[in-house]
Each structure stands twice: as structure tokens, then as C-alpha cells.
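Quick heads-up: structures coming right below.
Two complexes follow with subunit A in common, the first pairing it with subunit B and the second with subunit C.
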Partner chain A sequence: MILRPVGDRTGWWVEGAVALFLIAFPPLLALAGVGTDLGTRIVILGLFGLGVDLLFGYTGLLSFGQAAFYGTGGFVAANLLISHAVPNTLGALAVGTLVAAALGALVGSLALRQVGIYFAMLTLAFGQLFYFLENSPLRAFTGSENGLPGVPKPALGIGAWSIDCSSSIGTYAFVATLYFIGFFIARRIVRSPFGAILRAIRENPERATASGHLIARYKLVVFTVAAAYGGLAGGLLGVFQGYMPPEAFSIDQSGEIIVMTVIGGPGTLIGPLVGAAVWTFLRQALQNVDAIAGIWKLILGLVFVLLVTGFRNGLVGGFVAFARRLRPAR
Partner chain B sequence: MTIVFGLLGFVNFAHGGLFTVGAYAGWLAYTRFDSFVLGIVAAIVVTFVLGIVVERLLIRLYYDRPPEDQILVTFGLGIVLVESVRALFTGQTQLVATPSWAAGALQIADFIYPQYRIDVVGIVALTLLAVWLLIFKTRLGLIVRAGIDDALIVEMLGIDIGRAFMLVFALGAAVAGLAGFVDAPILALNPDVGTSVLVQSFVVIVIGGVGSFGGAIVGGLIAGEIVSLTSVFAPDWAQVALYLAMAVVLIVRPQGLLGVVGRA
Partner chain C sequence: MSAMLEARALTKSFGGVTAVDGVSLTVEAGTIVALIGPNGAGKSTLFKLLAGELAPTSGEIVFKGENVTGYGVTRVCQLGIGKSHQITQIFPSMTVSENIMIPALAARRGAFRADLFGSLQRVDGLAASVERTLAAVGLTDRAAMRAGDLAYGEKRRLEIGLALATEPELLLLDEPAAGMSPAETAETVALIQTLRTTVTIVIVEHDMDVVFGLADRIMVMQNGATIAYGTPAEIRADARVREAYLGGADDA
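Showing the complex of A and B:
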């Protein structure tokens, strides 16, 4: 028998809070004197991080190759849009996401043969495989070091009915809506019996196996889902920037998304968005101070090491623990 | 040089950073004192000391935590090391001159090798021998191997396992540092040099077999051959072929060519 997962009593307020935050984010940014585009970037990274979080935060699988899916989804969608093979933005994003997911299933079926550090090493190596694949043999398709310029702005339309999302705020609304859907689905996943088994795999894989679950299959599914999130986020990046950068495939990209997720809080779905915001703001703020402009990444690296050592569950996890202490358990 | 990495068995994500630190420390001493040997000494000493400091301050806290946490902290450490180097020496690529005694080229049969590469092979062989002797022929090596198998029993026997692990970590750091410096005249020097080497060493380990001494050597040789052979016929595919080979090994023989089942 599969037990009802814990945490059901939280109801819908988390979804509501996230929706409110996404709506309030652009005005808040404007108050801080920052443009909406920064917010769009953060939300895209937050979406990418949702997949990493499902994979690492919930299932305990640490992958250093997620950029492969981010890049794949991005370049597939960008190509379809540039060549007008699929004129509809949503259609191109969907194809990019599916291709990334298929690739995720393939890579996952190989990398998941190992656990722990060897799994991490394999994902890293596969990430590099796709980086080099993108860089030379596929350069006609990806523009090699130059990336792909000229990705059209989001155009949604069915027949005569269409919405214009080409303005800065329009793009944000488009990205934020997709993020919300992604968040909603991720939350369904972690609160489902499937999500409970993912956590069981993280906590005690032997016991999960002994309970009769084919954990290899669960891992493969969650790896594929994470790849799909990466693919969708990558597609959005190209659409948002009007340009698909080759760095999307880079090993640094894989590392950064992990750092963001861990800073924000692995195992809390809001964590990646918070981490992406912290990372992006700090980067922006530190780069504006001349004396430390060159070492912003060093500072973030130190913050990261301290957080991993002191706050296992990142900023959000630390905050939740703090709030619980203020309000004793019933 | 990736072979040395493979031998350490406990390769971690900070080794890329240590590789970079060693390269810069050695380069600094080499250019300052005009002595390649002093460069080697500096690379080893700096990374060894750094290894001890880092192990005592940070890594020690992680022995009881899940492997994922250890990966994360070493990964973060790698960022900190690389970025520190970048802050101190700027991100510019430096060319490191080959020492004069190793300039020239050597002709063996029909092939011409740069003299320096031959010397590097010699240094690698020496390092391999030293590490092998240390791990399999000394008391320290015995303690470490026992400690990996069952730390509790070793401690019950009254042995300070913490110090043994510290030494091994520092030695691993020193080997990475040495590798970084010796490779510098071949690769040229910039802060990101460690990362690419790190990834290649992972590939070597996967191909050769996890925790296998001979496997690391065979894996390194095979990896080198694949890259240079494909470079001749299809340069675009050289790097891709390397990773494809890794995938094939993984499908056909998940434990690696010379790996032993159950020692992952």
C-alpha cells in the first residue's frame, strides 16, 4: 500500500504565494531600480533549477551535466524558430523540451549505472561530450562559438487570436507563466506517492529497494524530468535574449545552476528561484563595486562553501528551520 | 599526467583547483629563481600545505556526511581556489618556457618527440612509483587502506585515522600541484587549466576502472591514443570520440576495463 504523502495540510497557499511573488516581482525590481529583464533571467534560472532540485534536492542525485539539456533544449527551439520550421513559440519550446527529455533518458540510462561521486563524474563527462559536440561537429546547427543570433521574440497565436509578448514585461509574463506551470507540476510531483519514493531513494536507497520499488526506474524518470526542465529553460533563454549563447552548454553553466540551487535550498522548490535571485543580484551588485569587481565569483564561492558546511538546506531551508523554532510544533 | 590523477582513487572536485594552484606556485618560483627544480619543489610544498590547511579546516567535517555533500564542498573549494588564483594573477594566459635542458626534440625511429614530453613521462613514472610504494609498501599506506575499509576498527586499534587521512589528502593535493606545474609548459597557464584536466582525468578513471592502479595507466594511454588518432582523421570529433569511448566502456563493462566489481 502506498501511504498518502506527508505535508498535505499545507494546502494551496504555497502556489498562491509563488503566483503573488511572480506578479509582484517586476514592480519590486523597478523599486530597486533594476530592469525587468534581470527578473526574467532569474525566473528562467529558477525554472532550470527546479529540475536540478527534483534531481538533487529530492532524490539525492548530484548531476554536473545539466547544461547539456539546457543547451540542447535551447538550440533545438532556437533553430526551429529561426528557420520558421515551427513558427509558434510554444510549439518550438515543446519540441526543444521533448528532445532534451529524450536525451536525458539516454544519458540517464548510462550515468545512473553509478552512484555517488562516480555518478557526478559521469554526468560531468557527458556534459563535456555535448559541449564538444555542439562546439565542432554540429557547428552548422549551433553556430559554434558564436551561438545563434536572431531568435524571434515570443509569438503566441492560434489562428487569428494572438498575444504580443515581445515587450520586456510581455516576455517576463510569458516566462513567469511557464515557470508557474513548471512549479505547479514540480509540486504535484514531490507531493505525490512518486515524490515520496524519490525522497526514500535519497534517504535510504537500500530500504527503498527492499520495500519493493525499482529505484533504477524512478531515478531514470526523475532524471528525464529534470532534463525536460532544463530544456524548457534553455529554450526560454534563447527566446528571451533573442540569441542562443554557446555557453549554455558549458561546464560552468552546469556548476552555476548547482551552486544556485544549493545556495537557495535543495529540497525546497522555491530554493532554486531564491538562489538564482541571490546569485544574480550579488553578481550585479559586486560587479558594480570597483574594488571587488574581479572577485565576485570568489566571494560567491566562499558563500557557497560556508552554506554547504553550515546550512545543509540553503537559505530557504535555514529560514524554514528558523520559523519552526519560533513557532513550536503542536 | 592524467594518469597520476587516476591513481589517487579519491579524486575530488577540488583537484582541478589544486592543479591550478600548483601550476602558478611552481611558475612563480621558476620565473623568480630561474630553476625548474625549485618550481617543482614550490608546487609540491605549496599544495601540500594548502592540502593540510583545507583538510583540517573543512574536509575533516565532511567524513561523516553523505558523498553528495563532499562533492559539493570540494566543488565549491575548487571555485574558491581557481578564483583566488584569478584574483592574484589575472585571468591572462601565461606562456611557460620549457627549461633549457629539455628544449630540443628527440627522434625515436620515425617519430619526433619534443624532449620535454619524454622528461615528463619520466617524472610521471617516478611519481607513480613513489605513490605506489607509499600506498602499498608503507605503514601509512596500510593504515589508510585499512581505514577506507573499516575506519572504526582501525580507530579501536589505537591508530589516529584522522591524521592518516589528512596526510593522504595533502599528498593528493601535492600530486595535483606537481602535475599542474609539470604540465604548464605543455598547456600554457591560465586559471581554468585545472578544470579541463579534471574532467579528462574522470574519463580516464571511468575507462580504466575505478580504484584500479593498472586501469588508470591503461585508461590514460587509451584516452591519449583516441584523442591523437581522431585528431588526425577527423579533428572535429577528437574530444567527442573520447567521451563516446567512455560511454561505450560504460555500457559494455560498467566497472571499467581493469576495474573490480564491487569496489566503487
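Showing the complex of A and C:
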């Protein structure tokens, strides 16, 4: 018997397809008359969403507080770069990611004592707590409602031996490379024995426990990993914009990444990237139509309702089901 | 040969209701013990205590010489007590072989391991374990099917398979033949007969043909307490059992 990863019938071609897409994305955007920066923004959200998907799509843990880690990773990296405490972009991002992960372990160890809606409410409360901390007690560190301007553009290496990634396409390449590494790692996780247990926890936590698994520890590890993804994405946001916005900590940010994951397809890993692309494009497009200037958010909301009603497993899930139907029966 | 399992004066109260009242039970290795009794006698609660799903109010449980009272279901399972539930508890959107893989992983790599970059192929003996369990419960040709799409009888067999895949030394079967047709019941009895060579079994069952056909020892419960314990012949002859259960208000 050949053991295949649980719930996964794909192969290495997925990594290849994602790599090709990341390379083709900027030219495709140019064809559509859109700048590369929008693509960079989408890929950053896709990276943030990889963690949310591991947590929600694979393990069934719905967290409304992921912005806490996005913001933390972002502000830690931004501060280190602005103060030149860490001279290297990757180094600062790594520290931001680790701090977000540590915070994730702490928040997770408290919030995961509850399950279901109570867990979701606790993550919401923690998210709001960190938004408040950003706004008031930590204002010297975060710039409060002004955020942190002057974050240096990304560069690889140190001093004279650095490769400049400050151009629009350079930043995109930097972000897309990190996304690909993040995607590769997430794929390894979901295809591992550890990933099989995550799916079991989503499907039937009681049975997973009765099967002899300490599910509390699995949940804590995946929560920490999701926080790390949030932290890395947050750091990239500051580096990409040259400015770290306080909104990274907002409840809207927590909600939006869940919306993107649900639209794109939870439990698919590429779902959040697809969802981020659709959501960001729609947002941009609707805002530019004068006739609906006042109600574009309402229309965006309706589109969300339609997408969720029409595709129960998101756009990627819908596409997979469609492709399977086209294939002749075995 | 010492006892595999010893329950001593187990009591479980829920508020004012005592579901299990001072029950003691000894299970010798290699035997099949059946628990019978009218509905509400406390059989399922006793099972939950033995499996670690509930902690007893008082009393203790000793498994293979170790006091496992209050260990919790994960630890009890890791030590070698597996339970198949009265109500089917499967992973519905996974395939049948994936279902079996989950408890097999617990048996093969322990209660927790952070092998985030590991591979299923490299888990020692996992494929063989899954294959063996599938064959034991007769679901080999259903391996790739979504578990939620199985027929009722097949789901019940998968339920037993999930308990079996934890590689237990003591298997608790809570009404394995519940809701089965006579043909399916006969298959289940045959399955349990093959299992008895490798694993010690405690079974709760309402079907008296199943109970008397399989059990080496039978314990009869009523109102949370033991009213008789003995060989099938002794239980048949016991006047109190006949009155309380077999001959009297027989609801079976």
C-alpha cells in the first residue's frame, strides 16, 4: 500500500504551478494595466493567509485575532530597520517573525483552552488588546495612529555587498521568493504525519483524542506557525510600503484575511492568494466606478455573499470540483 | 497469568444520580468479558470510565499493574486500551484508509511529535498496520472510499477498525452489533472471534446470542451495580439474573 498525504491527491506540479504563476503575475498585471505594487500587496496577503489556512482550513480553528501577529511582526521588523539595530532586511524580518511566533505561542496557550465560538471570541479579544497596546501604551514604539514612516526598502546582504531590491519589480521578486518558500514549507507541513493529525482534529477532535493524540499540543504548534506566517507578512508589508501602518493591527485586518481565505478556498493553501487577488481587484475596481462611489462596500459585501453561497469550498474548491467532473470516470 | 485490567469499587455520580455504584471487575488476559444489563444499568458509563473518557468519582482502575485512574483518554489509549463507540465516531470526509491511518499514527509515533516536515512513508510500519486493520475489518476494497459514504454496517466495522488501529491490548466494544442485520451481526461475531487470539476484549451488547456465543465471563449490571458475574452457564442458571433481565421484563 502506498501512503498518500491525507486529503491530498496532488503532486510536485503544484509547487511548479505556483512558481510559474508568481513569475507570470507581474506581466499579467501589466497586461491588465495594473502596476506591480498591487501584485506585491496580494502576495503579502497570500503569505499571511497561508498561516490562516493552516489554522482554519486545515485544523478548523477560526481565529479573529491574526492581525495581532501581522502587526507585531511588522512593527518589530520596521523598528529594527529604521533604527539600524539590524542592518539586514532578512535579519529584521526573521526577528519580527520569531517575536510574532513567540506571541502566538503565548496567546495560543491561553485561547486554546476554549473551543469553538469561545476560542474565536478569545482570539478576537486578544486581537483588540494588541490594537489597544499599539495605539496607546506602545506609541513610542509604534507611532500610534501615525504608524512608522521611513522603513528602508528591501536589500539582500549587508553594506557594500547588498543587492538592491528597492524597485517595484525588485520588491515584488523579494516578496514572491519569500512567499514561495512559505508555500513550500506549508505544503510540507500539510503532507506530513503532523498535517494528517491537523485534518483529523478538524474532522473530529473527540475521535482524534480517543485515538491517542494529544490534540492540545498539535493545536498550539499550528497556532504558533500561523502567527509566524502573520509576522513575516507584516514585516514585508512595512518593507514594501516603506511605512508600517497601524491598521495592520486592526480588527478589519483580522476579518479581511479570513474573508480572503474563505473566498479563495480554505484547506487549499493557494486559496488565500486567490482570495486576496479577487478581493483586492474588486475593491480597486469598484472604488473607481463613480456611479457606485457611495455603496462600493455594499456591493463588495454582496459579492462575498454570492461567492460563499455559490462555492462552498471557495474558488479553488469550486475549480477542483469542476476539473474532476471533466475528467472521465475511472 | 495476572489480570490485565482490574477495576476496584468504581463509582461515578452525576450530580445526585449515581450511574455506576461501586463496581469491581477483573479481566484476565486473552478472555472476552461481556457486560449486559437493562438500559440505564450503567454499562456505557462504566465503559467511559475504563477508557478514560470520564474520571471516576471514587475507586481505581489498574491496567497491566499500573494505576491509570484519571489518566484521560489519550494516555489510556497510548497505554493500550482502545474503544469502539456505541455511536459511530469517524472522520467522515477522509477516506477509509486515511481514517485508519489516524489511530495507527498515534500507535506508531506516540501522542505528540512535531514532525512538521516528516513523511508518512517514513513512519515505521504504518502502511502495514493500516493494511492489516483494513483486512481485519473487511474494508480493504473500500480503502479509497470517503468514510461518510459507507453503508451503515461498513461504518460500524470502520468504528471497530479505528479502535483496533490503536493497536490495543484491551479492546472495549460498545454495542458493536447495534442496528445490524442478522447477516452483519454474524460477520461481526466472526470478526470478534478472530480478534480474540491477539487481544483481550470487553464487550457491551444487547444481542444475547452474540453475548453467549462469545463471552468467557459475563457481568450483569442493574441500576449501576453488579448483580452477577460468572461463566455463561452460571449466568443462565442465576435466578436473580433471570428475574432482573433475561426472563422478566425482557425488552430485547
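The working rule: the second predicted complex is superposed on the first by the 311 of 330 C-alpha atoms of A that agree within 3 Å, B and C clash if a C-alpha of one lies under 4 Å from a C-alpha of the other, contacts with A are read in each partner's own complex, and residues count from 1 in each chain.
Please note the rule applied: a residue touches a chain if its C-beta (ideal position, glycine included) is under 8 Å from a C-beta of that chain, and two chains touch if they have at least 3 such contacts.
Source: prediction; values computed, not measured.
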Putting subunit B and subunit C onto subunit A via the overlay, clash or fit?
-> fit
With the two complexes superposed on chain A, say which partner A:Pro27 touches: subunit B (first), subunit C (second), both, or neither.
-> neither
Which of subunit B and subunit C A:Tyr218 touches, first, second, both or neither = second
Have a look at where A:Val308 lands relative to subunit B and subunit C in the superposition and call it first, second, both or neither.
-> first
Which partner does A:Ser192 contact after superposing on A: first (subunit B), second (subunit C), both, neither?
-> second
Check the residue A:Ala208 against both partner chains and state whether it touches subunit B (first), subunit C (second), both, or neither.
-> second
State whether A:Ala200 touches subunit B only (first), subunit C only (second), both chains, or neither.
-> second
Of the two partner chains, subunit B (first) and subunit C (second), which one does A:Ile258 touch, if any: first, second, both, or neither?
-> first
Please indicate which partner A:Ile295 is in contact with in the superposed arrangement: first for subunit B, second for subunit C, both, or neither.
-> first
Overlay on shared chain A, then closest C-alpha pair between subunit B and subunit C (Å) = 12
So which bits of subunit A does subunit B touch that subunit C touches too?
-> none
Residue numbers on subunit A that touch subunit B, as the complex places them | 56, 60, 62, 64, 110, 113-118, 120-122, 124-126, 128-129, 132-133, 136-137, 251, 255, 258-259, 262, 294-295, 297-298, 300-302, 304-305, 308-309, 312
Okay, in this complex, where on subunit C does subunit A touch?
-> 51, 53, 73-74, 77-78, 83, 85, 89-94, 97-98, 101-103, 105-107, 109, 111-121, 123, 126-127, 130-131, 143, 162, 165-166
Any idea which subunit B residues touch subunit A in the complex?
-> 11-13, 58, 61, 66-73, 75-77, 79-80, 83-84, 86-87, 195, 199, 202-203, 205-206, 210, 235-237, 239-240, 243-244, 246-247, 250-251, 254, 264
Within the complex, subunit C is touched by subunit A residues 1-7, 185, 188-189, 191-197, 199-200, 203-204, 206-215, 217-218, 221, 225
